[in-house]
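Below is one structure, written out as structure tokens, with a few remarks after it.
A, B, C and D label the chains in the order they appear, each numbered from 1.
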Amino acid sequence: MDERTTIAEELRARVGRSAFHRTFGMEVDEASRGEVVLGWEAREEHLNLQGLVHGGVLATLLDTAMGLAIRSALEPGRRHVTIEMGVHYLRPAHPGRLRARGRVARIGREIAFADAEVVDAQDRVLARATGTFSVGHERG
Amino acid sequence: MDERTTIAEELRARVGRSAFHRTFGMEVDEASRGEVVLGWEAREEHLNLQGLVHGGVLATLLDTAMGLAIRSALEPGRRHVTIEMGVHYLRPAHPGRLRARGRVARIGREIAFADAEVVDAQDRVLARATGTFSVGHERG
Amino acid sequence: MDERTTIAEELRARVGRSAFHRTFGMEVDEASRGEVVLGWEAREEHLNLQGLVHGGVLATLLDTAMGLAIRSALEPGRRHVTIEMGVHYLRPAHPGRLRARGRVARIGREIAFADAEVVDAQDRVLARATGTFSVGHERG
Amino acid sequence: MDERTTIAEELRARVGRSAFHRTFGMEVDEASRGEVVLGWEAREEHLNLQGLVHGGVLATLLDTAMGLAIRSALEPGRRHVTIEMGVHYLRPAHPGRLRARGRVARIGREIAFADAEVVDAQDRVLARATGTFSVGHERG
């Protein structure tokens, strides 16, 4: 297997071990070192009263895409914990197939930066985010 | 009924009409004009691989608390749509009973500002957020 | 003159009318519809106690780059006022020649989104920002 | 001298050593452990084309108020470097006397959180910010 395939398989295994991610229903479509694309279906139960995807749900997708992008670029033994995240909602998100692309901006010794965007089937950006992560070594 | 009770009842009815909010399981504990307190139980299915409440779930709570605080202070016929939200994660959030307090900072003609915090049973702040909302008149 | 030249000239005239921008010393290096590149020299008086460019100064550059990018894409008669801005500091900024690139993400009827980055002479990203702007029609 | 006076004196000495802060003209009005109030006069050279205080200038005040609040609560030998800052502009800022209040939200082993607000002479909030800081031990 090439590196891309290995990275994608590792992230899929990771997502598969998490009750939260399984329930949420997101899939790792593509991954390479420092970049990841998630696929996800927005359904009735994700909609707010206006019939649009709830902003918290989009924030969840964006946070996960950034976190996995960072995970894909970290060596073993380092953690990644979200310190802060800023989300902008550019366009209303209707039910249907969405994708979230996460990307590393910089990984330092203790702090990492990433960004992500959620796009619809026409590749229009519906929401995007930047985030800061703590990526020091796990303490055991 | 006094104003507080009326506001709380209106927000409860609103949350009750939303499939998303019912599934998520949050309750309106208290509300007055411009302030709201939500109660919510973090369960197994909300946890990430480290056994902590997923950051996207906390963002959902914070966004909802801010949105309802603004709703409680808006006259009928005005919308409230999240434009952007920034979340800071101050402490790890363990499963159990959490509360989210949302508060209006300013409501203008077209833009409103709010903030919110999630606290645990010991009233420690686990996460907090600021947000910007579009609050113009609904177009019909 | 082609459109690019016209846009750059208009932004230069605008910056030239502002006491703040003249004092600050930034120049419009390039501009097209929705994008702008500013040049600026970080000098002694911009440094904090660690000898690095003060974060507020970088925020000023980023805010200006985003604002001018939006200005370059707005028709006459519309205002652009910063509602909120989030800045990430990726690397320490040393004195010397810096550039700030601003770019429109979306311009709506009332709200616009932009982002910007400050890069050094080696084109390394030192800081970046996202921002939200109010862009409704001027009231007279 | 009591602790408050000592803290204020230390911050004043710190600000006095910085060319940037002297040029900018801010003063430490009050300080206690984890809180600081700065005074500052917005003059002609700080105004944008609409005659309002430039958003980057307010960001500078907010960043400084947060940084000094954290400094006031840190033991010697620890650094404080801004990682990220989010600023909301609630009301237009006119020339005149402004104050900026900074406050620590949490100081951890490596990361600290703070917030700040800029108020006018009538104590109305014109802008506010939240920030994240790296506060590990200086290496040397």
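List of remarks:
Assume contacts are C-beta pairs under 8 Å (C-beta built on N, C-alpha and C of every residue); 3 or more make two chains touch, one makes a residue touch a chain.
Remember, predicted model here, so these are calculated numbers, not experimental data.
Chain pair with the larger contact count among B-C and A-C is A-C, by C-beta pairs in contact.
Note on A-B: its contact pairs, compared by residue number with those of B-D, A-D or C-D, agree for more than half at C-D. The greatest centre-to-centre gap from chain A, using C-alpha centroids, is found for D.
The centroid of the Cα atoms in chain C and the matching centroid in chain D are 22 Å apart. Centre-to-centre separation of chain A and chain C, using mean CA positions: 29 Å. The distance from the centre of chain B to the centre of chain C, with each centre set as the mean of the Cα atoms, comes to 33 Å.
Residue positions of chain B touching 2 or more other chains: 83-84, 86, 88, 132.
For chain B in complex with chain A, the touching residues are 14, 17-20, 23, 44-50, 54-57, 59-64, 81-89.
Against chain A, the residues of chain D that register as touching in their complex are 83-84, 86, 110-111, 132, 134, 136.
Across the complex, chain A meets chain C through its residues 86, 88, 90-91, 105-106, 113, 125, 128, 130, 132.
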